[in-house]
Structures are given as structure tokens and as C-alpha cells.
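What follows is a pair of complexes built around chain A, which joins chain B in one and chain C in the other.
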Partner chain A sequence: MADNRLDMLGEVCPVPLLTTQKVISEMKSGDVLTVETDYSRTVRNIIKWCDDRGYVFDVEDKDNGVWLVTIEKK
Partner chain B sequence: MPVKIPPKKGLSLGVVGFITAFGIAAFITEQELLLVWIIGIALGFVLYRSGICFASAFRDIFLFRDFSMARVVIILIAISFVGIVIIQAFDTSGGFLEWVYPVGFHTAVGGVLFGFGMVLAGGCASGTLQRIGEGFILFWAVILGITAGSVLGVYHFSWWKNNFFSIDAVFLPDFIGWIPSIVLTLALLGGLNLLAMGIEKRNNSKNGLTEKDLAEKEVKSNG
Partner chain C sequence: MKNGRTFKKRILSGYWPYWVGGVLLGVLNILLAALGKPWGITGNIAKWGLAVCKAAGGHPETWFYVWDEPLNLGLIDLLFSRGTVLNLGLIFGVMLAAVLAAEFRIKKVKSSRQLALGIAGGLLMGYGARLALGCNIGALVNGIASQSLHGWVFGLFLILGAWAGSMFMKYLVSKTGN
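Right, the complex of A and B next:
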């Protein structure tokens, strides 16, 4: 089990999802990644992508317009 | 654990006040502008709530093999098409015809330029406005780019017109009549939608998801 963090503040589509996919592909099963973003569509993109793959995810409001998306690789 | 973040009430009131003042000013200047003001607010609201993004519609097909936004745009075009047909059919002053230009080499050049710009900047015109409304400072730079590009386009328009406009603009109802044109357009859009749905289904079955899983997902994402 390893915790990874990804700072995607200020990045817009499609960079956050592409980077998330890349980081997750290098992670081991059971590892957790937390993506920090201030882009609302990124949250939607990432959770849809996770949903399609059956990954468990959680979204947390960090601040006004800043979200933390936590993903567990299956 | 959900964190309660206090909304910025002062800022919200300021924005509402500005929009209201703008509406009153528009109404005083010219009463018809009030209608445009209402349509503008309604469009902005729909754009914001739906998150419609033309850039994502075209880009995600290639980048992520994701057809969901493309299908949203197909449905959006079908609905606007019906509205435009109604306006065009009843407008005696010519309706949208004066903005219909012939197709040609210049269409492809414009498409490639706009496509590159849209994907690199992260938003088309409507998406950029929507994101400025959501508070992304970055998109002020994008709107400057869109404005500069549009001004250049208008400035250069006659050059393209003189060199590349070789055929007359095609207005389908003049050739095959209103009803066949409407049926043909809707059939084409419906076909594209079915194609996108078919590819999505094939991709999902590759991921090992069954029809039942998909139905559950649909319920979850709507709920």
C-alpha cells in the first residue's frame, strides 16, 4: 500500500486525466492516489473513468473550487 | 469526510447585482435587448449545469475513446436543428441564410485551425465563457485569443472569399424540399448517435461489463 499525491492545480482538460491515467498505470494494485484539482470537469472526467474501470473513488471539497479525488487501484 | 465551506456571499451578491444592473441598462437603451439578456442568462445557466464542452466532444473520441460528450453534442445539434428549422421556415426576412457560406478548402483550413486552438486552449467559445463564469482566471487569456483570432478572421475574410469561394452556398430545402431535408438531417444525426452508442457498448464489453452493470451505472450516475 502506497499513498501517492498528484498536484493538478491550474491544469485543464485533458492534462489531469492523462496524467492520472499515467500515474495509476505505474501504481500497484491496492495503491491509493489523491488528485488535487481546481477544475470541475476534471473531477467529472476522473470519476467517470474510474467508474468505467470499477475503481473505488472518493471526492472531497478542500476549499472553494478545489477538490481532492482519491482513487484506489483495483 | 465532507467539509462545510462557507460560500462567498458578498461576491455572489455583487455578480447578481451587476447582471441585474446590466439588464436594466439594456432595457432602457433598447427594449428588445431585454429578450437577448434573458436568453443569455438561460443559455449560461444551461451551459454551466450541463457542462457541455465541444472541445471534449471532439478530443475525447480520439484521446480517451470516450463518446459520451460527443453524443451530448449530437443531441444538442438535433434539438437546435429543430428550433432553427422553425425559425427559418417562418421568418420571411430570410432567417439564417445570410450567414450560410459555401463549403470548400477554406472550411477544412478553418476547421483544422479552430480544432487545434480549441484543444490546446482547453475550450471552445461557449466552454471558455462557461469557465470564466466558474472562475478560472486562465480562460481570460483564452477569450483574448478567441477575440484576436476572430478579428483576424473577419479582417482576412474577403481574401478567402475571392480565392476559395467557387460554388454557391447549398441550402438543402431549395434542392430536395423541406421535409426530405429535415428527415435526412435527423436521420444522419440519429445514425451518428447510434454509431457512437455501438462503439461505447463494444468498449464496455471489452472492459468486462455486462448490460446489467451498464444499467446500474446509468442509474447511479443519474441518481
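Right, the complex of A and C next:
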């Protein structure tokens, strides 16, 4: 199990979701990815995508307007 | 991994639904139209550009672009004009919403690439909006609301442009990963 981190600060839709999808597609099952974003719509996008695929996720408020989305690949 | 659910609840139901925003936009726009003319954003920004050009010694009033209305390009008059007040109100309102949602922060520029892309995108959007004589608000919403064909034409090409832009983004991400 590996931990990956993705810095998406300053990136707007659809780049964070597309990049997240790409990184996750290259990960192994059970690996964890943490995406850092400052765009609230990105959080919505990513958790909707996780829900559709049945991936477990967590969202943490890191700071005002900054979120950490942690996703575990199934 | 249990907080995800509560956050999801907040971010989906904590914000107003789209239809509330749409109705508010419609009602306020009717109010603005009754008080003179419907809402617009970029016309005022273009006037600022012309005013700065004039203040710097240029003669923008002779340009083809300003054929449609007589222009008052005095900086003080412009500052207290309807368009400037509406635009400053827009910025202030967005800031207020961000502060109330505890999402306000000054974003750092991460790279010169991001800065260059932002400036290039802004220039293209601004130039395009003035060629079309309006943005999403002035040309699309008000165009369609006033039964003008140009609103629908604007909308069609807006969708095409958004689709092409998304395809391009997808291609860039698949190539470089960012």
C-alpha cells in the first residue's frame, strides 16, 4: 500500500478531476491518494466520481478554502 | 474515513440549490431592467479600458467600437456610473459569500505557467465578450430573455467552445498529467 499526494492548488475544473482519474488509474488496488485543492467544486466533482465507482473517500478542511480529499483505490 | 459523509452533506445541502440562484438572478435582473436596462458586466470593463486609453492621451472615441452610444469617459464619472457600481458590488458580494462560507483566502500564484495561462485566458474571454457585445449575462441570459436570436446563437457557440475546451484539457492532462 502506497501513499500518493497530488497538489492541485490553483487548478480549476476539469483539471483536478482529470488528473486525479489519471493518477488513480496508475495506482494499485488499496493504494491511497490525497488530493489538495482550493476549489470547492473540485471536491464535489471528485467525491461524486468516487461515489459512482464505490471508492472510499474522506474530506478534511485543511484551511479556509483548502481541502484534502483522500481516496482509497478499490 | 467517516467524515466524508458529513462533509458531503454540507457541501451538497449547505449551498443554495441552482434553482434558487436562477430565480434570484431573474428577479433582480427584472428589477434592473425596470430601472433602466438589464444587467451587464463587460461593457463597463471595456469603458474602463477606453477611459484609461483616453487619459493616457489616446483617442478611443474615434474607434469603430464605440459607434453605438455616446461615451462619457471621465474617470470620476465612470467610477460612480451604474456599471462600475454593479461590478464592484459583484466582487464585494462574491467576497462576502466566500467569507460567510469560511472559504475566503488569498490564493498564491503557483507558477509562471499558471499566471501566463490565467492572463491569456482572461484576455481571450474579455476580447471575445466584447466582440459578441456581451458575456454570459449580457449576451446569453439577457439576449434569450429579450427574445433576441443572438442569445441563442451565443449559447450554441458557448456550448461548442466549452466542449472543445474540455477536449483540449483532457488531451493536455493525458499528455502531461497536469
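Convention: the second predicted complex is superposed on the first by the 74 of 74 C-alpha atoms of A that agree within 3 Å, B and C clash if a C-alpha of one lies under 4 Å from a C-alpha of the other, contacts with A are read in each partner's own complex, and residues count from 1 in each chain.
The rule is simple: contacts are C-beta pairs under 8 Å (C-beta built on N, C-alpha and C of every residue); 3 or more make two chains touch, one makes a residue touch a chain.
Just so it is clear, the structure is predicted and the values come from calculations on it, not from any experiment.
In the superposition on chain A, A:N4 contacts neither chain B nor chain C. Of the two partner chains placed by superposition, only chain C is touched by A:V43; chain B is not.
Applying the stated contact rule after C-alpha superposition, one finds that A:K22 touches chain C and leaves chain B untouched.
Contacts of A:D52 after superposition on the shared chain: chain B is touched, whereas chain C is not.
Contacts of A:E72 after superposition on the shared chain: chain C is touched, whereas chain B is not. In the superposed model, A:P14 makes contact with both chain B and chain C.
In the superposition on chain A, A:E60 makes contact with both chain B and chain C. Overlaid on A, the two complexes show chain B and chain C touching the same residues of chain A, namely 10, 14, 18, 38, 40, 44, 60-61, 63-65.
Listing the residues of chain A that touch chain B in their complex gives 10, 12-14, 17-18, 38-41, 44, 48-49, 51-53, 60-65. Residues 9-11, 14-15, 18-19, 22-23, 38, 40, 43-44, 47, 56-61, 63-66, 70, 72 of chain A are the ones touching chain C in the complex. Those residues of chain B that touch chain A in the complex are listed here as 1-3, 5, 7-8, 51, 53, 55-56, 59-60, 63-64, 66, 68, 122-123, 131, 134-136, 138, 204, 207, 209, 217, 220-221. Of all residues in chain C, those touching chain A in their complex are 1-4, 7-8, 11-12, 98, 102-105, 107-110, 114, 166, 169-170, 173-174, 177-178.
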